[in-house]
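Here subunit A shows up in two complexes: once beside subunit B, once beside subunit C.
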Partner chain A sequence: MLKRRLAPWLYSTPLFIIIVAVILFPIAYTLYISFTNMNVYHWFEFETIGLENYKKALLMLDSGFLPAVLRTILWTAVNIVLQVIIAFFLALGLNSPGLKARTFYKTMLMFPWAMPAYVSILLWRMGMFNTEFGFLNKLLEMLGFSGINYLSNSTNAFISCVVVNLWQALPFMLIMMDSALQSIDKSYYESALLDGAGFWKRHLNLTLPAIRPIMAAPILMTTFLTFKQFDIVYLLTMQRGGVTGANINTVLTYVYDKAFITNNYGYSSAASILVFVLIIILSSLSRSTLKQEGV
Partner chain B sequence: MKKYLSLILAALMVLALLTGCANTPAESADPEPSSTATIAEPPESAEPVEPAEPVEIVIWHENNETIAGTIQEQLSDIPGVTVKLERKEQMSDALKMVGNDPEAAPDMYLFAHDKIGVYAAMGILAPITEFVSADAFADIMPMAVDATTYKGEQYSIPIYFETLLFMYNKALMDAPPATTDELLELMKSGTTADSYVFVEQHSTSYNSAPWIQGFGGYILNSDAAPGLGTQEFQDALAYHKQFIQYQPSDGEYNTVTTLFTEGKAASTIGGPWLVPDLNAAGLDLGISAMPTLPNGEPLKPFSGVQGIQVLKHAAADKPDAVKAVLEGLLRPEVGIALANIANSAPVNLKAYDDPDVAANEMIMVMRDIAANVVPMPNIPEMDVMWTVTDNLLAAVNKNGEDIKTTCEAAQAEALEQIAAMQ
Partner chain C sequence: MSMSKGARTRARLTALNIFYIVLIIITLIPVYYALTIALSSGGDILSSKLTLLPKNMTLDNFKTVLLEKPFFTWLKNSAILSVSTVALALLTGVPCAYSFSRFRFKGRKFVLYILLLLNAFPAILSMFAIYRMLNLVGLINTYAGLVVVYTGGMAVFAMWNMKAYFDTIPIEIEEAAKIDGANDLQLVTRIVLPLARPTIIVTAVMTLIYVWNEYVFAIQFLPGAERYTLAAGLYSLQATEYTRNWPLFAAASILVSIPVLIIFYLIQNHMASGLTAGSVKG
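So, the complex of A and B:
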């Protein structure tokens, strides 16, 4: 009996050890550091200073922080809406009967996912958006228009970052959408066709309700990944030596710019914990929404 | 059976994971506490003894292999010491993590002087005056000695320095402009849709510094006070902005370098690290002194002094070997070899007596420019200034924001960030 009760714990132990080592320990250590004065001047001999770093980190949440939060919400919403819509129609196209070279298209559409993010972002920056040599400005010049600075103006830079994020994130959404579509019994569509349902009616009343429970989890996951997106905004507009002048700070880039460059690990840790709490709150809200939806 | 198999596999997975935490033999502590005593004092016993093992001094670097190899070669004749230069990626971060750990840290490292303050404040650096007297620096450029001094202590043996140079393509520009006004006139008349008279990384702190410092401004002074709000700083930005309208708006390293290398820009301001590629591209390269500003002062770029710094644990554990290596680095031959092999400008003035060094156009221009360069601040507060100043420059030069308002906001931000370091 005891053996039976212990067995599941025993099997789970390796995984628990990994979770503690890889996830819980860094969080706990960051929390500990956030209560210390670990900085350049107290690098190895730091001591606890109570909530001082949190007071300082809350002061950082100045006039620039709220716009960064709102921008992050806008960034997340725009990206998710575009990803879901584009992935939906691409997946419909990939599942259309009689499509030839389906596997080839799928492989090509997966390609951006296979590229390391850092490389693809810098390729976009130099290869596409560069004002002198970028493909987009070369194309505009060929068509007789003058070039555009894609990254120096905040609106242009925001759109450019959305494009790069779409390019990178779409494959995942597409795979999920494709799998969800394939799980729908084809006989439903046959019945709908017999009943005279057109394209929009079939997909609005049949496809969308059918894929909703399947897509809820990937969309939620992508929402968090998009919310805490850092590298695209940072590498396209804020990289050291390549600051473009656009101000499209998200919560993470804002905190990085304010706290992490100070070499004050206590202060940076406190800022990280605050962002962590913010994400946990959002996560809890989303989970309760999903529960209400029965997913 | 399956149950046991999965248990064994799970245990193996955990073991494999934890194996990564173990020390590799190379990283493990030196079994000999220190063999320096053996080198310094011959054994009293008349019995024949095995010759002492040479003490190994490991020097981390993030430089190119030519420079590292040359330094290693120059230090290969020190008796009783084996010097090994090891390339370490992300060295400055690695030093922060393991700088006080004798098992993981190197004994010394080769790096630009601007991080000296950070590491000294962290407590991982040893002043080198414990090993070398002040007289030993008599032949070193005063600029290099100042650059490597932090809070009155000398922390580095400076070896060579880097700074920005005015470079021009002789096929496109007959002679370099003597003044910046002359350069501006050339830019106004000669810039076309697909060719430029002058290009530079106009919106980075390092590359804007020559203009700011030429105007008498500064990014951060030695008292850790930011100078972004000063009148001189604002005047420099306003004057410099006139030049930016005739340059590519992004002003990025890749854009600027490609335009100059491909002959689409007649001149640029860039570092000596560009020269090998420019020569390889077959460019008829000219290097000249910096043009002078309307106030009669030349553009005054930052200098970065590359030198060897000693970690505290090595100073305590291997004092004799450290002293021998530092003395070896002070020989002018090190600078001569680096100048001839790697085209680096020595800080040892005696090195310039060498006929080959004296015949090197770029190095001689750098020696002349050395009188007007400003060493990058080496105090820890400079770490936050790069980002704040880059943001300010991009806002003014690329986004057209008001100079006065933006400078004042950046000054406030800099003060806030410096306070946040504590």
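So, the complex of A and C:
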């Protein structure tokens, strides 16, 4: 019987060893480093400096940490709101009765999701946003306008990053919305139509309440993915040898920048721990939301 | 004069069709533009005109990427890393997922919750700690080190994803085999795995694609052009010489994407369900 009780733990040991080694232990180690002044000059001879790094991150505005947190929240909110609204109407259109090519449209619109993310981002940077031979500026010049520098200042760069993120992330949201709409019983609409309910009334009163519980999980999942988005901001504005002058750090690019570009390991680790705490708070909030939605 | 109901519906459908076709064209522009650039000779991109097809169509850029750049070395490195990661993730993930699906034991719920919490933690946040740790144990610059890091990155996803699927397989099938005297290993290999093929495939493919597309860790942990994966190689090239040779970069991008595109469309029906399965159930 003891053998039976130990069996699941025994079977799980190999995976747990890996999880402890490359997830759990590094988190603990990051916590430890966050209390030290470890940097490129103090690689071995570092000292514990208490909460100094945390003070710097939280109390000094010019450290850039709090602005990065606020920017990440703004980035997440803008992207999710746009994605949900756009995906909802696109899916609604796809579900119009009589639209024969619906599967074809869906397959084609899924394309950005299928492309390797970093490849598409680099193609956007080189092919679309490039000031001299990029598609967008060539198009503007053909139409008689002068070109735009898409990545050089923070506002332009932020908008460009949102565009690329929408391009990449909309397919998933669209597929989810589409399957949510598919699951609604069509007879609901027939009685609503008989009552003479118009487009907005029908969808506000019938469609939205019906897809809410189904969409809660994918929307929350996308929210976290957007919050943790690294590649777009990094590859478009701050990669080595390609810094554009825009500063639109999100929390992840901020931590990466402090660790691997400016080599301030202790400080970067403190920022990591703060972000982790933030993520834990957000995910426990989201768990209670999901429970309320009855998922 | 008002249109008949049938004519109105037809007009609405035509408008919708036009809208979706235009939307698809706009969506595909970034990739289509890269394709035309990859197929054009060097001089074409300097012209300020946009053309639907390149003026002088040529496969030279693809030839250069395949023959002159260390493309095949990188392909080999990507293959080694991704296949090893998939193997390690499945070998360690299947028994764990099976345990948490079939056994009821103290601490089960707690561990599942902790795993979800850990999965919320982006690896980039502890990347420096991992780097330093691998450095201290001498695993930096080795495939083994990176394979373990990648497996850790996909471990929780793999375990949850497979567990969710195992949960849907009726336990009665196994009980019949148990009476016949099969042990746990036989149960898993002979009964569960064949039934769970869809989830094994999705988990394996997601892991494969993750490793195939990963460049941040690859560059930091396996420096040196001869050890680059395709993703790291492509990344490093666009930051250096390909900036001045955008047609070559476009050709390389397309070559790297083709296998991923094929795999994605082969398993597209499993993608959506496979991705959300683990995130929903608590």
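In this text, the second predicted complex is superposed on the first by the 213 of 295 C-alpha atoms of A that agree within 3 Å, B and C clash if a C-alpha of one lies under 4 Å from a C-alpha of the other, contacts with A are read in each partner's own complex, and residues count from 1 in each chain.
Note that contacts are C-beta pairs under 8 Å (C-beta built on N, C-alpha and C of every residue); 3 or more make two chains touch, one makes a residue touch a chain.
What you are looking at is a predicted structure, and each value in this text was computed from that prediction instead of being measured.
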item	value
First (subunit B), second (subunit C), both or neither touched by A:93	second
Touching partner for A:44 - first (subunit B), second (subunit C), both, neither	first
Which of subunit B and subunit C A:126 touches, first, second, both or neither	both
Greater subunit A contact set [subunit C / subunit B]	C
Partner chain(s) touched by A:21 [first = subunit B, second = subunit C, both, neither]	both
Which superposed partner A:193 touches (first subunit B, second subunit C, both, neither)	neither
Subunit B versus subunit C as contact partner of A:259, first or second or both or neither	both
Subunit B versus subunit C as contact partner of A:77, first or second or both or neither	neither
Partner chain in contact with A:153 - subunit B first, subunit C second, else both or neither	first
Contacts of A:277 with subunit B and subunit C, given as first, second, both or neither	neither
Shared subunit A contacts, counted only where both subunit B and subunit C touch the same residue	11, 14, 18, 21, 126, 130, 133, 240-242, 259
Footprint of subunit A on subunit B - complex, ascending	6-7, 10-11, 13-14, 17, 96, 100, 118, 121-124, 201, 203-204, 206, 248-250, 252-255, 258-259, 380, 383-384, 386-387, 390-391, 393-395, 397-399, 417, 420-422
Subunit B-facing residues of subunit A, complex	10-11, 13-14, 17-18, 21, 39-41, 43-45, 56, 60, 126, 130-133, 149, 151-153, 240-247, 257-259, 261-264, 267
Subunit A contact footprint on subunit C (complex, rising order)	9, 12-13, 16-17, 19-20, 23-24, 27-31, 33-34, 37, 45-46, 48-50, 88, 91-93, 95-96, 98-100, 102-103, 105, 108, 115-118, 120-130, 132-133, 148-149, 151-153, 155-156, 159, 184, 209, 212-213, 215-216, 220, 231, 234-235, 238-240, 243, 246, 249-250, 253, 256-257, 260-261, 264-265, 268, 272, 275-276, 279-280, 282
Parts of subunit A lying in touch with subunit C, wherever the complex brings them together	5, 7-9, 11-12, 14-16, 18-19, 21-27, 29-30, 33, 90, 93-94, 96, 98-99, 101, 105, 107-120, 122-124, 126-128, 130, 133, 135, 138-139, 141-142, 167, 172, 175-176, 179, 217-218, 220-221, 224, 228, 230, 234, 239-242, 252, 255-256, 259-260, 265, 268-269, 272, 275-276, 279-280, 283, 287, 290, 295
